[in-house]
Amino acid sequence: MKFAILINEGPYQHQASDSAYLFCKAALAKGHEIRRVFFYHDGVNNSSALTEPPQDDRNIVVRWGKLAEEHKVDLVVCVAAALRRGIKDDNLAAGFRISGLGQLVEAGIEADRLVTFGD
Amino acid sequence: MSEGAIKKFMFVNRKAPYGTVYALEALETVLITAAFDQDVSLVFMDDGVFQLKKGQQTKGIETKNFSPTYRALDGYDIEKLYVEQESMEARGLTEDDLLVDVTVMSRADMGKLMEEMDVVLSC
Amino acid sequence: MLHIINKSPQERNSLDSCLRVTQSGAVLLIEDAVYAATRGNAAEAKLREAMGSLKVYALGPDLDARGMSDRLIDGVTAVDYAGFVDLVAEHPNCQSWL
Amino acid sequence: MLHIINKSPQERNSLDSCLRVTQSGAVLLIEDAVYAATRGNAAEAKLREAMGSLKVYALGPDLDARGMSDRLIDGVTAVDYAGFVDLVAEHPNCQSWL
Amino acid sequence: MSEGAIKKFMFVNRKAPYGTVYALEALETVLITAAFDQDVSLVFMDDGVFQLKKGQQTKGIETKNFSPTYRALDGYDIEKLYVEQESMEARGLTEDDLLVDVTVMSRADMGKLMEEMDVVLSC
Amino acid sequence: MKFAILINEGPYQHQASDSAYLFCKAALAKGHEIRRVFFYHDGVNNSSALTEPPQDDRNIVVRWGKLAEEHKVDLVVCVAAALRRGIKDDNLAAGFRISGLGQLVEAGIEADRLVTFGD
């Protein structure tokens, strides 16, 4: 089955990004496809290349990038929300790309299910 | 899915305007979804009904008043606006208080309508 | 003590929590909390009851933004940001119920 | 339809709202919403009532994290993330009550 | 204020752990405040009482379990931990369920205690 | 009177930063002193130099910087929270500085009132 994921909150502040990541890992392990992960609202903050969590904590940004690389998951950051919050190509982490909201709608159309994680 | 596929998208607005950005950024998604020629429904329930309140004046909080956008939805062929009756009543609002024409629905009918959707986005 | 509430009374429990433990002082409603001070809101009764022991204020610019200025409950005082500053200064301490 | 709730029933109104409009299908409690499915929580009665018409699930890893696994209400099914995925796949559509 | 001034700081914890970062980052502030030799009180009310629940196992959500930190507060001379009785009862918890020794207080006493503080931080 | 301000939420997503800004402006207009504004939790995102809101919207980051310059307000971003969220000297906006949580405690001690804005 093809899933699309929408993440509305930034890393660390809310559990949303963690839950979404663990959902994606479980879905991939079951042989499902993650068609796209779309980052909206404060969710765009998940793509900051400058993030440096404490060494004994998870690195949410890097973790998403690795998942994308290993499983060819398309991580798309909403350009309008990103500009409002200071995410640009300059500080965009590996594995993410910036694009328009149309990518969310397209994912909703093409995927069998869209699952939202937020606050 | 093939070219030209049409899905039923529902946007469930449950948050008040201005306290958070969700109402504003949800509208952006609604407009794009309509541009993709999808079947778009908007639901306003809980504090989301406050988004449609007439007379919003944001000068004092130095923030953009985006409420006129609801009036413009019609021009994008977005005509399915539903308000849950119980939510409106619990906030002292009537249809006359709202910026746009809406279909007022009971909570039971609202639940049934949600069941029929392909994609439900909560904002 | 000045208690500052910024959440809608029907979305979150912060107003309820504040009123549960607070016996005196003042409550200032800002942001989405201003809905609590409007006629017909489900929170109206509990706010009126609280007004027996607490002074209640609501931030005018937040009421205006939400189109709710004309339905402020009698006995609640609307203040602007300058009034907000005065309230903080006049009370010996303050608390934001986040 | 699968309804996903992620907020504590005593902090926010999302579980109440969901149960108000939903007559059938399933509810999955994740993150802070798992407290709703624990014995002694003020939400216990309303959750038990909902279980008359809805199937209720709670995410096990979130119960574990909060130290609440041993007080799950009888009749609520704990699932792991794989079970979460199955629930989304099995239902024709889903909704997150944010 | 002069050197060596001591103020009464209260941290009001009203949120559950893990769902948001507030509980964890509040603890960081608590420790620093104690390091400044201030008079520190911690209040746990509403869902904040869940922060003190025994038996937290976070491996399944791949997040750091910070609950042992509450046990360590004693070592920083942070000994004033208050739990509101009504909040605990509404969540089916008793003192035996908590990681640390606390003073259980009625809502009325909690309100009075807050009045006595210089700085109240809500988290 | 000396005020200290604590901001716990990022710009745009929540009204907290807007309310805090308008409070500070009103306090300064009344002749009060803003001893320090401390940015914690997602509040650190208020200091991103890369933020670019739409032209018809307020620029929250720039607005804080200007207030700081005109009124000598000390804008301090918590280093631990900032590292978790990708705020560093590289992308720190004008008028802000990064420092430790001790600066919040110190502000609480020195100011007559500490007012918190958050979610």
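Going by the order they are written in, the chains are A, B, C, D, E and F; count residues from 1 in each one.
Keep in mind that, in the parts below, a contact is a pair of C-beta atoms (placed from the backbone, for glycine too) under 8 Å apart; a residue touches a chain by one contact, two chains touch by 3 or more.
Since we're looking at a predicted model, the values are computed, not measured.
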item	value
Interface composition of copies subunit A and subunit F: same or different, split at half	same
Far-end chain from subunit F, centres as C-alpha averages	D
Distance-maximising chain from subunit A - centres being C-alpha averages	C
Chain centre separation (subunit B, subunit C; CA means) in Å	27
Subunit C-subunit E separation of Cα centroids, rounded to whole Å	26
Contacts with two or more other chains, residues of subunit A listed in rising order	8, 12-13, 15, 19, 22, 41, 57, 80, 114, 116, 118
Where subunit B touches two or more other chains, by residue	18-22, 46, 61, 63, 118-119, 122
Numbers and ranges of subunit C residues touching at least 2 other chains	6, 10-11, 13, 31-32, 61, 80, 93-94, 96, 98
Chains grouped in pairs wherever the two touch, ordered by label	A-B, A-D, A-E, A-F, B-C, B-D, B-F, C-D, C-E, C-F, D-E, E-F
Residue ranges of subunit A in contact with subunit B within the complex	6, 8, 40-41, 80-81, 100-102, 104-106, 108-110, 114, 116, 118
Subunit E partner contacts - residues on subunit C that touch it in the complex	1, 13-14, 17, 20-25, 93-98
Subunit E partner contacts - residues on subunit D that touch it in the complex	6-8, 10-11, 31-32, 35, 38-42, 44, 60-62, 64-71, 80
Residues of subunit C touching subunit F in the complex	4, 6, 30-32, 61, 80-82, 84-86, 88-89, 93-94, 96, 98
Residues of subunit A touching subunit D in the complex	1, 3, 8, 15-16, 19, 22-23, 25-27, 29-30, 32, 112-119
